[in-house]
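Labels A, B, C and D are assigned to the chains in the order they are written; within every chain, residues are numbered from 1.
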Amino acid sequence: MAGNTFGKNFTITTFGESHGKAVGVILDGCPPMVELSVEDVQTELNRRRPGQSKVSTPRDESDKVEIYSGIFEGKTTGTPIMMMVFNKNQMSRDYDAVKSLFRPGHADFTYYSKYGMRDHRGGGRSSARETIGRVCAGAVAKKVLDRTGTKITAYVTQVGPHKAQKRDIEVIEDNIIRTCDLDAAVKMEEYIIAAKETGDSVGAIVEVLVQGVPVGIGEPVFDRLNAKIAHAIMSIPAVKGIEFGSGFEAVLMRGSDHNDEMTKYGFLSNNAGGTLGGMASGQDLVFRFVVKPASSITIPKKGIDIYGNEKEIITEGRHDPCVAPRVVPVAEAMTSIVLVDLIMEDKAIAHYFK
Amino acid sequence: MAGNTFGKNFTITTFGESHGKAVGVILDGCPPMVELSVEDVQTELNRRRPGQSKVSTPRDESDKVEIYSGIFEGKTTGTPIMMMVFNKNQMSRDYDAVKSLFRPGHADFTYYSKYGMRDHRGGGRSSARETIGRVCAGAVAKKVLDRTGTKITAYVTQVGPHKAQKRDIEVIEDNIIRTCDLDAAVKMEEYIIAAKETGDSVGAIVEVLVQGVPVGIGEPVFDRLNAKIAHAIMSIPAVKGIEFGSGFEAVLMRGSDHNDEMTKYGFLSNNAGGTLGGMASGQDLVFRFVVKPASSITIPKKGIDIYGNEKEIITEGRHDPCVAPRVVPVAEAMTSIVLVDLIMEDKAIAHYFK
Amino acid sequence: MAGNTFGKNFTITTFGESHGKAVGVILDGCPPMVELSVEDVQTELNRRRPGQSKVSTPRDESDKVEIYSGIFEGKTTGTPIMMMVFNKNQMSRDYDAVKSLFRPGHADFTYYSKYGMRDHRGGGRSSARETIGRVCAGAVAKKVLDRTGTKITAYVTQVGPHKAQKRDIEVIEDNIIRTCDLDAAVKMEEYIIAAKETGDSVGAIVEVLVQGVPVGIGEPVFDRLNAKIAHAIMSIPAVKGIEFGSGFEAVLMRGSDHNDEMTKYGFLSNNAGGTLGGMASGQDLVFRFVVKPASSITIPKKGIDIYGNEKEIITEGRHDPCVAPRVVPVAEAMTSIVLVDLIMEDKAIAHYFK
Amino acid sequence: MAGNTFGKNFTITTFGESHGKAVGVILDGCPPMVELSVEDVQTELNRRRPGQSKVSTPRDESDKVEIYSGIFEGKTTGTPIMMMVFNKNQMSRDYDAVKSLFRPGHADFTYYSKYGMRDHRGGGRSSARETIGRVCAGAVAKKVLDRTGTKITAYVTQVGPHKAQKRDIEVIEDNIIRTCDLDAAVKMEEYIIAAKETGDSVGAIVEVLVQGVPVGIGEPVFDRLNAKIAHAIMSIPAVKGIEFGSGFEAVLMRGSDHNDEMTKYGFLSNNAGGTLGGMASGQDLVFRFVVKPASSITIPKKGIDIYGNEKEIITEGRHDPCVAPRVVPVAEAMTSIVLVDLIMEDKAIAHYFK
């Protein structure tokens, strides 16, 4: 598989290009008898939809999903679920100017090098529109996780120098930044708008909190819960790093600080971030990842074309000055998918024959 | 596969417990006609061997590898290569005391929860001895990478608060920390020894530099080069975070800073860390990961036993106060394996039918 | 993956139910730069379309395929190719009567047992309409095989007691049986029509001939060319057996008969059917498979319903009295997919680093 | 993976060459808490051991297995189980004469073509000694199947023209042919010995009977129980065909004969051979496969050497005039492995969230 499939048991394969006919996903391996409606999926998709606010791209896509298979009388049947969104507001003309250019920070150069050609319209397959399929599948994963009482919440904790000072997860959907601190949200928004006005973009940090992870989930050695999560999250466009629990701060800690003590009532701290030996300890799973400033900016930068000529390049089009708010549902989706996949793996291997 | 296999084309499966008979690996998918000797493998193993220096565990294992299959007349044959090291200095008695204890920071609790039992001797399968198989396979991967001129170098860049101030990769094997700055090495060593004397352990950061990565390696979407590397590195025991290029610093950058400009002579910066859209750009691949302070310490900490009773627990035995120097060859091994795997994937998919 | 995906490098995942919205396939891993038009796919689909002749079901489906991704300016891009056919002539009413029945010879009982529910309309996922996705992907595989000069031809060699007496592959598309002997075709047709008139169905044998197989294709041990072909062909509904070269006749042969002698000009016989040790010898790949008489008949048979009550059951609806003619393109598709998959595997593993 | 791995959940990877140091297997994914002793494995190995009788090769290998990992205090731990047999009676000298020859019916030519080299000693990796690893893993699978009450029995039903006239599975281990009819055994043995005396070999048919298959096992579409079994069995050296239930006889049947009727007390016939739509119906799983006459004979046949020169070739060494009796335990092993693998798959996907 050429990298468009993720998951071993709960398996998604995404398809589609930014300016092709459609983008979507096949989900194979979903357990049967899970109640699922189009609205369940649409609700999640609306959260990543463009044009939601002044900090996201004005590209106007309604992103209406349809489910083409795998559902019967409102329930999953255990057969592949295909979900798709037609591309509408494509405006391919916008992109003709970049046909022969390798835009700095974009995948133009590597796609062209690898495949000998590329669909240059709006990033083609490398467009973040690919993540629509992920969000659709994630919506199904969330329904499955309802059964184990597992809840996933992602939120922005830093934009530029502005950090959230608290973790108020109730307010996340109440602010356009999707941060967990309404005071910080104001500063973050101002910071993003200021960058946008100069044609620039900004970076951010997103935290993911998973409550109710079944103990023991994750396979030892290579398919650790944290390793699979890292794989999943690092596969989201623009993500450049990930850390669990105390993360990079652990460099300054000692074993006597970092080891999470256990009592009969539970753990006394969560430096590990929810895993021990790669398996879920039953604590909250907590990790953070950094999103680079979006590559699409209108400030001219040095690049080359396919003939090797140097060019000053700006990225025309409609872009997000900060992608983090729209990455939030994508991160939740990928985390959900990993969790269901590993719950199923665990069921197959560890618990069955007890 | 229950998580003990990694790689799709160049595929390793490790086996063995800390205090079982042996630890090793099967490598399937190695191209034929690669010259390979036992010494090639032993050289890498010696770098991760315990007992190398005063900052590593005194457990005395010679870790002599044998190759049981897949080699004929000094060359790989294209069939599975099985490499194994017998465990010698096992001292299982050391571990009887922990038979019913869940040591803080260890995988005891999660293994027991998942499997209903565990080989409690020295961590069993969760022991870092499992990484011996990885280093063996990595030695083969390095031989394969000689053919593409790809060179992988890992080194410690921070121990506690002490950072390497330069990147002198020539000196890495000349100091027991395996850092790239001999001045920093002195301070790092003192810092580790001081912690060791109190029965404690310390954290560190390791950087990996890959030169000569073939352009286009890595599959778009889920099997990006950086996502696969993240998966591989996060699967190493004690690793808690990873970042590429500018990494978490990107939160403070703008697109106009972060985008790496291109000229006809190459890139002008490397904030991306060597990938664009998940595929190798031909720049150096650069990433860093953090290693938590080792969980095995002799400072008493609160834990519980399998009956739920609270206990003050210290981890007897012989342990590393800082695992980073011995993680260096493991990180190189995993990086090599990912690269060969993706080179083979690329060959299968992108270039063949051109 | 819950069994809806096939192939490791050239990977297909099919989706869709008989009476759902649509059926289709995602193909991941197709090499880039392969010329591909909708017509290339439609031509193959037309060969499996219902309603072609008096020996196939009168269900009238135009089965018009659309390609939703992975093609740009008439060429494959190396990204996933999604192809889909909308279901039109569904007539779900026909199936209401069987809602609670387990029809003899059908998958009703096993689906219900496995999933706790089933889409009872026309077999749902177990319908042969699922093979539409396979044929679409096979059409792409055939285009790829043009590059290696590999040609796949399937044809009916026996219907009931009537055997083809020659192998005239030029006439296959000239007769509705898709046999390789026009004289036999007459008898086969009469035999089928006679069964149809009594509401019954008949069995058949199909042979597949592959010319121009690259030497060495197929992986030793488990992923032998013949084992992968057997897997692929046995996954086609109604297939109950497969044999290669001399096949079951080998029971009566001796080694001195069966061993295919080699001269400098090539092999003197082909009892092996084109493989040695599981890898292509460069001879024609030749195999045969048997297709059981279709389960859907209007002759009443004993069955039970989901409550355990015994019922006399006939299968209403429009069905094929002999499915072999329509299985022919499906067998070609599956064979093509296996071959491309193994050519890619071979390229990745065996030849690259020579 | 280059074809040396089989199974998705209960996953085996075999390694080793005929005349290398050892042959063996890693089994990953075995459920924990399964009681397993070395004797359990040795008992199965002894059934495939050479030198058992006058109808098998006189190569004298004791084939003593050792278990190197994955077992603790007599039980599986859920970690990889490595089992290995050292090669002893290698006699590599026997094979020097064939160093540059491509023996008819052997894999010499295809290995050389694929890899550019081969371990020519006794077939190297293509030797049937590779199946030792399979039998070891199969012994573990059988232990797992004890829990579901599933019993697998293979036996020879035909050697040359001599067919078993009954199915007396109690006598299989009482005759050196491993057939299910002691009268037929006499004729089969005479037939084999007669061929052996002329330096020739003979073909055979083996039947496999599985009782107590859990209903619903097998994934629809590509990973059908019968398709996976076909893959597994066709991967055994010398197997040239497989059929389920009525098999190739179905060509002569009508739907009204072939459909297995159901009553409240069960099925009235078993033409399907135990599956419906690729999933286990709960009936006995019954299939047959043909084993070609062994390629190693001492009757001279035409072949070529690696330089293209024509040679009269005989295969020196110690060989089986009929491999079927020793294939019996291999077939049971592969069948066991497929069943456990699919039971685990089913558990992961279908039943968990009910």
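The rule is simple: a residue touches a chain if its C-beta (ideal position, glycine included) is under 8 Å from a C-beta of that chain, and two chains touch if they have at least 3 such contacts.
All values derive from a computational prediction rather than experimental measurement.
Student: Contact counts by the stated rule: is the higher one at C-D or B-C?
Tutor: Between the chain pairs C-D and B-C, C-D carries more contacts.
Student: Farthest chain from chain A, going by the mean of C-alpha atoms per chain?
Tutor: D
Student: Averaging only over C-alpha atoms, locate the centres of chain C and chain D and give their separation in whole Å.
Tutor: 26
Student: Just curious, how far off is chain D from chain B if you go by their C-alpha centres, in Å?
Tutor: The separation of the two C-alpha centroids amounts to 38 Å.
Student: Centroid from C-alpha atoms only, then distance chain B to chain C, rounded to Å. What do you get?
Tutor: 45
Student: Which residues does chain D have that touch at least 2 chains other than itself?
Tutor: In chain D, the residues touching two or more other chains are 1-5, 8-9, 14, 29, 32-33, 78-79, 114-116, 125, 220, 345, 349-350, 354.
Student: Which residues of chain B touch chain D in the complex?
Tutor: 1-5, 8-9, 11, 13-17, 20-24, 26, 28-29, 32-33, 66, 68-70, 72, 75, 77-82, 84, 114-119, 124-125
Student: Could you pull out which chain B residues touch chain C in their complex?
Tutor: Chain B residues touching chain C: 8-9, 29, 31-34, 78-79, 144, 147, 220, 343-345, 347-350, 352-354.
Student: Can you check the complex and tell me which residues of chain D touch chain C?
Tutor: 1-6, 8, 14, 102, 104-111, 113-116, 125-126, 130, 158-161, 195, 200-205, 215-216, 218-224, 226-228, 230-232, 234-235, 237, 240-248, 250-264, 268, 271-273, 275-282, 290-297, 299, 301-304, 308-310, 345-346, 349-350, 354
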